[in-house]
């Protein structure tokens, strides 16, 4: 494999675009983790639903518009699913110990995983990118997919949007307060249960966004949830629990090391990011950035 | 008084059960013998997990790794080397315990959630290596057709072997849990700060508990290979780790034999539900939700509550 | 026996303990008093190793124990009870005390013999001393609050300490229980030659059994001395003005 500077830069950019999808999903996971203090194992399943829903929507609305509609509607669908799960079952567990909440999210992931199988079947699906983002551009003489550029741009936009939300809007600020001291928030007369519901739904919405964004770049299959949730967990842990910027840092580390793995040792590409995670955790077991609690 | 009766009744019924299970193979169809043997293997695995989770209070979220390491060790020794087979059998649990020692040493320095996260990441690393190293471990195909000593060539003989090893391991685990070490481990579960204050080196005890538990997980791995004659990377996958966790929870993780019950229920359900539908995962999820909401002490815990002798 | 010099501990910007001094002689009963937030519990946590000091020295029987972890400090001969009840709720009363005794006898790593047969006499003796023999088989979590606090002390005795540190041993107790506990402490000091260091809010108790009293305020030592010296000290009177 030729490894000149051009290849390196291209691979770096590929890694970057992959990181952005991971970031969108992990930002959601981190947000839920920060407010509810529970790692949401169902996050991967919701991501998968986002991808499959995107597929269906592009079939219903053919052509490029299908994708743009899906980008808006699929995450909303995911948000609705998460809201139903939260109001029907999850909210009754808030008084219980955290292990029970974690196990509930695991049960939810099992159920949603099979629901996807029931609704969409077990075949591979694929989605093509909209006309605007099809094809590639030339970067330093090498061709680079336009869609990946789009992802590199979207990532920071989501980060800014989320930052504005948590720092400038009322709900956002209350969520941040609840992450640090939920009792205090309750004492102030705010319905903590609704804060949790909002945080959970928003986090899951982001998972849906990630699913929609990833749809044109991979084959949409049934194992997506499992692969993703482990990666997301690890990213959130090395970044610092509940910390959005930590999720960004973690995603970058993960995506970029994976890309370099592909370049230098394709057979064991997946080992590179895991190794990086292990190294980070051995040196800084609490994560690189400060956790929200 | 009542407790002693229950206790001796417990021992009596356990012995009776053992005898029944021993004479079963010639009397029932092959399929049931196989399923029972699989339940034994999984029960041993669940019991080993419960040693650190239920009795030790640690968040061992990737226990399947040690099971898989034990299984792969014996598989590799039996297929890649010409060493005598019994060496493979012994190497399995030992390598699993060494893995447990290494991973455990890094993990016990951390508190609960971080303990779990570090273990998941170290475990996933091992899984990733096993999954990709096609030339050595067979990658996602696994290794099949592993030769067994002629004594274990029939299903019935394998069944007896597995059952006897299971019982021996259970007796050992029982003795360990009732020993001063087991006492200290449970005390650490309930109140690690207090244990430090009475002179117990909490980390060392937790590490020892992990090594013991992973040793037994390795034994379970070896037994799996005896039964199935193959290994695959799924044995090390984190979803399986959580399934074992569910077995402990379902059975009752503060009781001794709860995990066995949990493993038996889950394996039996999976086999029989699997005949009618391919959506076993969905049903497992529903069961888990029911357990969380209605049976947090597990099935055995629930029965213990009902039959608890009244304190004067 | 125990010497604490200029010990400092801060949490972020808050100086919980700011240069406190304490001297405990062998066989003495020493009390630490001070208003809420004075840093008494933090001081105890520093001595027994639950917290790491920022600066200063803690010397026990001539040895610097400032950097040791709690389990090693225990092995040196210091054990403690905790302010908020810190027992093993799922074990029996017997089991609770036995944990400490087994640890002391270095038997805790024994994997093979059934625990219920080991160290029985020593455990029963401790239970008798504190008066919990009749509740031996009860589950610790079901005891009354007062009994749980006594169990706290009993667990600490399992290690046959030379210095016993009690963090608010009568907090939340009824007057009868408080009196009984005080008698117990006096008895322990006599019977076993124990050196006792404790902190309390109840001044009657302090003045009735303590031989030396150290007064803390805002993380610092105002004075340490006997009853008369402390009572007549101006700063002490100021600290408690408007309080009890």
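Think of it as A, B and C in the order they're written, each chain with its own count starting at 1.
By definition in this document, a residue touches a chain if its C-beta (ideal position, glycine included) is under 8 Å from a C-beta of that chain, and two chains touch if they have at least 3 such contacts.
These figures come from a predicted structure and were not determined experimentally.
Asks: Report the chain ID whose CA centroid sits closest to the centroid of the full protein CA set.
Replies: B
Asks: Of all chains present, which has the mean Cα position farthest from that of chain A?
Replies: Looking at centroid distances, C is the chain farthest away.
Asks: Approximately how many whole Å separate the CA-defined centres of chain A and chain C?
Replies: Taking the average C-alpha coordinate of chain A and of chain C, the gap between them is 50 Å.
Asks: Find the geometric centre of each of chain B and chain C from their Cα atoms only, then give the gap between the two centres in Å, rounded to an integer.
Replies: 42
Asks: Between chain A and chain B, tell me the centre distance in angstrom, where each centre is the average of that chain's C-alpha atoms.
Replies: 33
Asks: Enumerate the residues of chain A that touch no fewer than two other chains.
Replies: Within chain A, no residue touches at least two other chains.
Asks: List the residues on chain B that touch chain A in their complex, please.
Replies: Per the touch definition, chain B meets chain A at residues 59, 106, 109-110, 113-114, 117-118, 120-122, 124-125, 128-129, 131-134, 237-239, 242, 245-246, 249, 278-279, 281-282, 284-286, 288-289, 292-293, 296.
Asks: For chain B, which residues count as touching chain C in their complex?
Replies: 175-176, 178-184, 186-187, 190-191, 193-202, 205, 208, 254, 311
Asks: How about chain C: which of its residues touch chain B in the complex?
Replies: Residues of chain C touching chain B: 48-50, 69-71, 74-75, 79-80, 82, 86-91, 95, 98-100, 102-104, 107-116, 118, 138-139, 142, 155-156, 158-159.
Asks: Show me the residue ranges of chain A that touch chain B in the complex, using the header's touch definition.
Replies: On the chain A side, the touching residues are 89, 92-93, 96, 99-100, 103-104, 106-111, 113-115, 117-118, 226, 230, 233-234, 237, 241, 267-268, 270-271, 274-275, 277-278, 281-282, 285-286.
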